[in-house]
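So, here's a batch of structures to check.
Two complexes are shown next, each including chain A; its partner changes from chain B in the first to chain C in the second.
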Partner chain A sequence: MNNEQNRTLIFEILRYNPLIKGDTPKMEKYQVTEAPGMTIFIALNEIREEQDPSIQFDFVCRAGICGSCGMIINGEPKLACRTLTANYPKGVITLLPLPGFELIGDLSVDTGKVMRQMSERVESWIHDQEAEDVDLTRLEERMEPEIADEIYELERCVECGLCLSACATKRMRDDFLGAVGFMRLARYAVDPRDKRTGEEFYEIIGDDDGVFGCMTLLGCEDYCPKDLPHQTQIAYLRRKMALGK
Partner chain B sequence: MENLVLDNKTKKSRIPAWLDITQSGTGLVLGLFMWVHMLLISSILLGAGSFKFVANMMELSFLSPTGEGYPIAVVFAVLGVFSLFILHAGLGMRKFPSSYKQYKAVRSQMKLLNHEDTNLWFYQVLTGFIMFFAGSVHLYIMLTHPEIDPYISAKRVVVSSMWPLYLILLVAVEYHGAIGLYRLCMKWGWLAGKDAKKSRANLKKLKKTLTAFFLVLGILSLIVFILIGVKHKDTNPNDSTAKISTTITQQYLKG
Partner chain C sequence: MKVIYTDSLVIGGGLAGLRVAIAAKQRGYDTIVLSLIPAKRSHSAAAQGGMQASLGASVKGVGDDEDVHFGDTVRGSDWGCDQDVARAFVNTAPKAIRQLAAWGVPWSRVQRGDRQVVINGEKVTITESDEAHGLINSRDFGGTKKWRTCYTSDGTGHTMLYAMDNKAIKLKIPVHERKEAVALIHEDGVCKGAIVRELITGQLIAYVAKATTIATGGYGRLYSVTTNAVISEGIGTAIALETGLAPLGNMEAVQFHPTAIVPVGILTTEGCRGDGGLLLDKDGYRFMPDYEPDKKELASRDVVSRRMIEHMRKGKGVPSRYGDHLWLDITLLGEKHIRKNLREVDEICQYFLGIDPVKEYIPVRPTQHYSMGGVKTNFKGESIGLKGLFSVGEAACWDMHGFNRLGGNSVAETVVAGMLVGEYVADYCADTPLKIDTKTIDSFLEQERVKISDLLNRERGENPFKLKKEMQKIMMDKVGIFRNHDDLTKAVEELKVLNKKAKNIALRNRISSSNPELVEAIRVPKMIKLAQCVAYGALLRKESRGAHSREDFPQRDDKNWLKRTLAYWKDENTDLPEIEYEPLDIMKMEMPPASRGYGDDQTIAHPDTEKREKEIEQILKDNPGIDRIQTQELINPVEVPERYQGKNERVGRGFK
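On to the complex of A and B.
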């Protein structure tokens, strides 16, 4: 007899392999017996091990750190490893791949390519023309703990891509940088070791593909699995870029 | 010629920044103006005399020795609002889906996530589109017939069959304006306080309350205008308006 601990869950999963000629996207149903504390990630592994070894999805850390297992779970972009099946009282769970990324197959998308492009676009490294002359035998310059905390807070981004999938602006305009890029840039803007000026940051995000293209739909804010302050951060960048020059 | 040069040495223009500021600035002024406008119109709920009193104030009657006011003041005000309206519409249009592909992307995103703030933005696009037409008609009429009077307005609503347009305009303006002002706060980080999430939830509640308040106010005002319009349908506005209005205003001012 089923009770709340071991009810039967129905998973409806998008199946499509673009590498197979003639394959078309279709929804397939799987049944899984729920276990206590079960996550979507655990259920998917069970499906792959016991029912269908061909199903494709990504994971590495299983703990919400690597950002690999992002997918659309019952209409919300989420990390599979941080989503409990117990959150779905009806027991029917629909899984779709993240939109806006190149589909590798089924629930697996290529977020890496987009993140690499983003990193290059915001020049995601410390810019300091005098860095070559640094004396490596000396102690590194001290940083205020508050600034270090602020940088750490912004660096918690795991590049899962949920913010981009949740952003209708990005879906509409592919060249739009998106929240992950703004967060990365803000991280370097805060860092005193990066000597880039406001004008130099303007050159990166001062247009409609950058911060002025953001329509403040706040999908990034609402679906970020790390609860990063996207709304506050983008508003700050907008003010800084629009008025601070 | 510099726009023909495609290299990364060309400095980014400041124009996108100014366009963004101007879009927000015109939206802020228009949004607040529409709330004040609605409050002034709703003076009809206190009677035609109150509306006439407010109208006279708008025509700067307190500055004229005869108390008749200057309808030209209304023309200038309408011209100002019309200019802001056109500027705001032009700038807002930049954010509309500009092709079927973009439209399909937005619609599929809305269907996939059913995310409230994304939906709110889409309602703004729709209501903005409606206002291109409905707002222009109203503003043009106010520009060519600047005299504000309860009986002229009532006749316009009933005899000239303007009530459906005003009803559509009312719904479009109240939704567009309130959503816009809420989104402005989000966009620029205004009123965020120490807890931006909490402030957002509160602002959203306030937005819903104000939309409901102004919609009720607007609908009641429209009903009163319709009732006045039906009652005075057969009177000649040119004869009656001045006399009725003046009498009512005098009575009102006498208390």
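On to the complex of A and C.
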């Protein structure tokens, strides 16, 4: 099988370094010989090591777990590390940085700042006055197994930001919380350890920048790499907000 | 000159670093965490399988306690660990997991009644008790006597890291992202912070602190094929080494995980085998029972990895264009279990291999996975050579893993060590005034500034990417699972050459701000030094212990080698570290060296072993009727911060 002719892939990549005075965004072309099982991660590193050491992009786990490498691949937001080049039969792959985030350079964007702000805004932690005083020598508080599973289902979000890039509402309204924030809040809403009331949750998302601003275009649902149930959760939160208030 | 002052500086935003930061902050000290990346993206998130803590709630965990966990950990380490540290660890692990439960980790819970599991290739029904219902569940892992590994489906590390980072956000702990510590500041043998490069602007900043903690994870990327994240390059460990004062411990102790996928080296969790998955060869034959009739696929990681290589050397590997591999078969676990409890494995198979693990076997091969070595600390997490420098988690050699870490003991270490060391960091902040001559800060800053400007100005020289590849290949080919004198000698000589070349790196992209080539040029010389510590330590250690396996010295040699390697790099102009050894005192051991129970026991015994065994016997005879906790306190008293003392409750057993 080594006799197969490997394809020559064409990568068209947005290049722009905002820290270099006078630099302007442009698309640059690179050629890479495809290898079996090649991912965008492998291809980009090859480009950096062998062709252009200045090119910027972010990878950490390269296994689809950490959420670092979101980018627009042929028009769709995806995790680059687990996108195989074989998925593109024409052999032309266009890469753009995720929109909606501050650009660091080329394909690298600052998702960290946005995600920390989101966590602060929805107060992404267990609210329980007594949590700090738990006697750690005693048996832990019990939890129904299916509740634990349900929380985990919603906690699988990796904060990659693809949902925000795919969100038309977010494009129009910068303060819109977006699916990542709704999902986080839904996760705490089902958690019996979090003592926040419906009213307190309403304070956070009961307006147009929150769950009522969503236009239900559901780009979040389409592009979530963890297949989280965004549509269901947004509907659930809305119903809860509308009834609870 | 830009200087930022704080009480507690933590380098690294994974589980261990965040936990230390939380401890110091809760005690009222100003704390800053530095991270290359957003903290939630740290490699801790990739720990799929679970965290060991002897809660003993599940029926297959009944009878478990700190003592059983201690025994497994010490045996797993091949008696290379520090037994005081291992003891403090096992006693605190139940508290750490219960604290995380209160902080929001959705641990999988015990469901009362019957459930079907796979044990030794057979479907078996086990029955969970009513009284355990809703408590934290546990699964089987390699090298453990009980089902002790607590988990959240297969996203344990992810949920632990999210709970921990959320806690840090709640406490308003600043995480300074995209910052890389490139050198430690120190004066008169005391660490005073770090010189840090802002990865976007390229600015150098001095972070000056009372206590500095290195929590930058392992050094897996010294090898060309590793399960580790691309950031696991050991840079924190290296900047400690470069002080010339802080030694690194047991750098030659490098673990290979049995089941990473071929060719990319992404991990499939030990949970696959823990839950009943099997290893098969090219004929579809289950070979592990032939080698290890007792523990089979669930022998310790170092043992399984070696057996797999042995079996492939007999021509039983599955040939592929990427070399031979073996099969991991989880099809017998069934679709429901795989899609839920092994979902990340499922995703990895689908995305990276294009196969469905419900129906097909997974191609696997032993792959670099964990660094037992690191910054050598005492039980308080403080460097034994540089005061005010602490280290925790995989970056440290604390040393609870010795020469082989058990699956599930690494994330457990991060949070337990973080809890304990965090208290000692806070104590240190309380006791230590911050005094530093600004000239010292200036001179450390200047040193780094000059290094970088040399790199940017050099017209011609070595390509940093190429040097790194060469280093990784040397480590993979010559300092891998099986080692021998000839290969190791070659590796050491080749690394010496690379170390010289690394002083002459030149860049094609010569800008000082955000520049991946410059980042590489700063890191690669540090990585080559670490690689040399691993290779040279391995060459000198003429025995086999845990993951360090010498074909020319197959016996564990307690008589001559029951000691910890300490590597110093005191002189910038040399190409080799200085090696010293720290003996392990059998006369203080709770568990004197014995057989691990794999293969034939060929250990060369130490004369103290028998002496200590007799001494312990005598202590027990002199104190009839004492319980297990009193026994431990007599034989192996350990110091734990007051707030984490106290017996641990277990269901059906109380505090006994």
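By definition in this document, the second predicted complex is superposed on the first by the 237 of 245 C-alpha atoms of A that agree within 3 Å, B and C clash if a C-alpha of one lies under 4 Å from a C-alpha of the other, contacts with A are read in each partner's own complex, and residues count from 1 in each chain.
The definition used in the following text is that contacts are C-beta pairs under 8 Å (C-beta built on N, C-alpha and C of every residue); 3 or more make two chains touch, one makes a residue touch a chain.
None of these values were measured; they are calculated from a predicted model.
Chemist: Check whether A:76 is in contact with chain B, with chain C, with both or with neither, and answer first, second, both or neither.
Modeler: first
Chemist: A:145 in the overlay: touching chain B, chain C, both, or neither? Say first, second, both or neither.
Modeler: second
Chemist: Kindly classify A:235 by the partners it touches after superposition: chain B alone (first), chain C alone (second), both, or neither?
Modeler: A:235 sits against chain B, while chain C stays out of touch.
Chemist: For chain A, which side has the bigger count of touched residues, chain B or chain C?
Modeler: C
Chemist: Just to be sure I read the superposition right, which of the two partners does A:219 touch: chain B = first, chain C = second, or both, or neither?
Modeler: In the superposed model, A:219 contacts chain B only, not chain C.
Chemist: Common interface residues of chain A with chain B and chain C?
Modeler: Shared contact residues on chain A (touching chain B in one complex, chain C in the other): none at all.
Chemist: How about chain A: which of its residues touch chain C in the complex?
Modeler: 1-2, 17, 19-20, 36-37, 39, 48-49, 52-56, 58-68, 82, 84, 104-105, 108, 111-113, 115-116, 119-120, 123-126, 128, 131, 134, 136-145, 148-149, 151-152, 155-156, 158-159, 191, 193-194
Chemist: Please name which positions on chain C make contact with chain A in the complex.
Modeler: Touching chain A: residues 37-38, 40-43, 45-46, 94-95, 97-99, 101-104, 106-111, 133-137, 152-153, 155, 158-159, 162, 165-167, 169-170, 175, 177-178, 200-201, 229-231, 263-264, 266-267, 321, 340, 344, 347-348, 351-354, 465, 507-509, 511, 513-517, 520, 644, 646-651, 655 of chain C.
Chemist: Flag every residue of chain B that touches chain A in the complex, lowest number first.
Modeler: That would be residues 11-14, 16-17, 19-21, 94-95, 97, 102, 105-106, 108-110, 112-115, 117-118, 121, 183, 186-189, 192, 196, 200 of chain B.
Chemist: Residues of chain A touching chain B in their complex?
Modeler: Touching chain B: residues 72, 75-77, 96, 99, 166, 168, 171-173, 202-203, 206-208, 212, 214-219, 222, 229, 231-232, 235-236, 238-239, 241-243, 245 of chain A.
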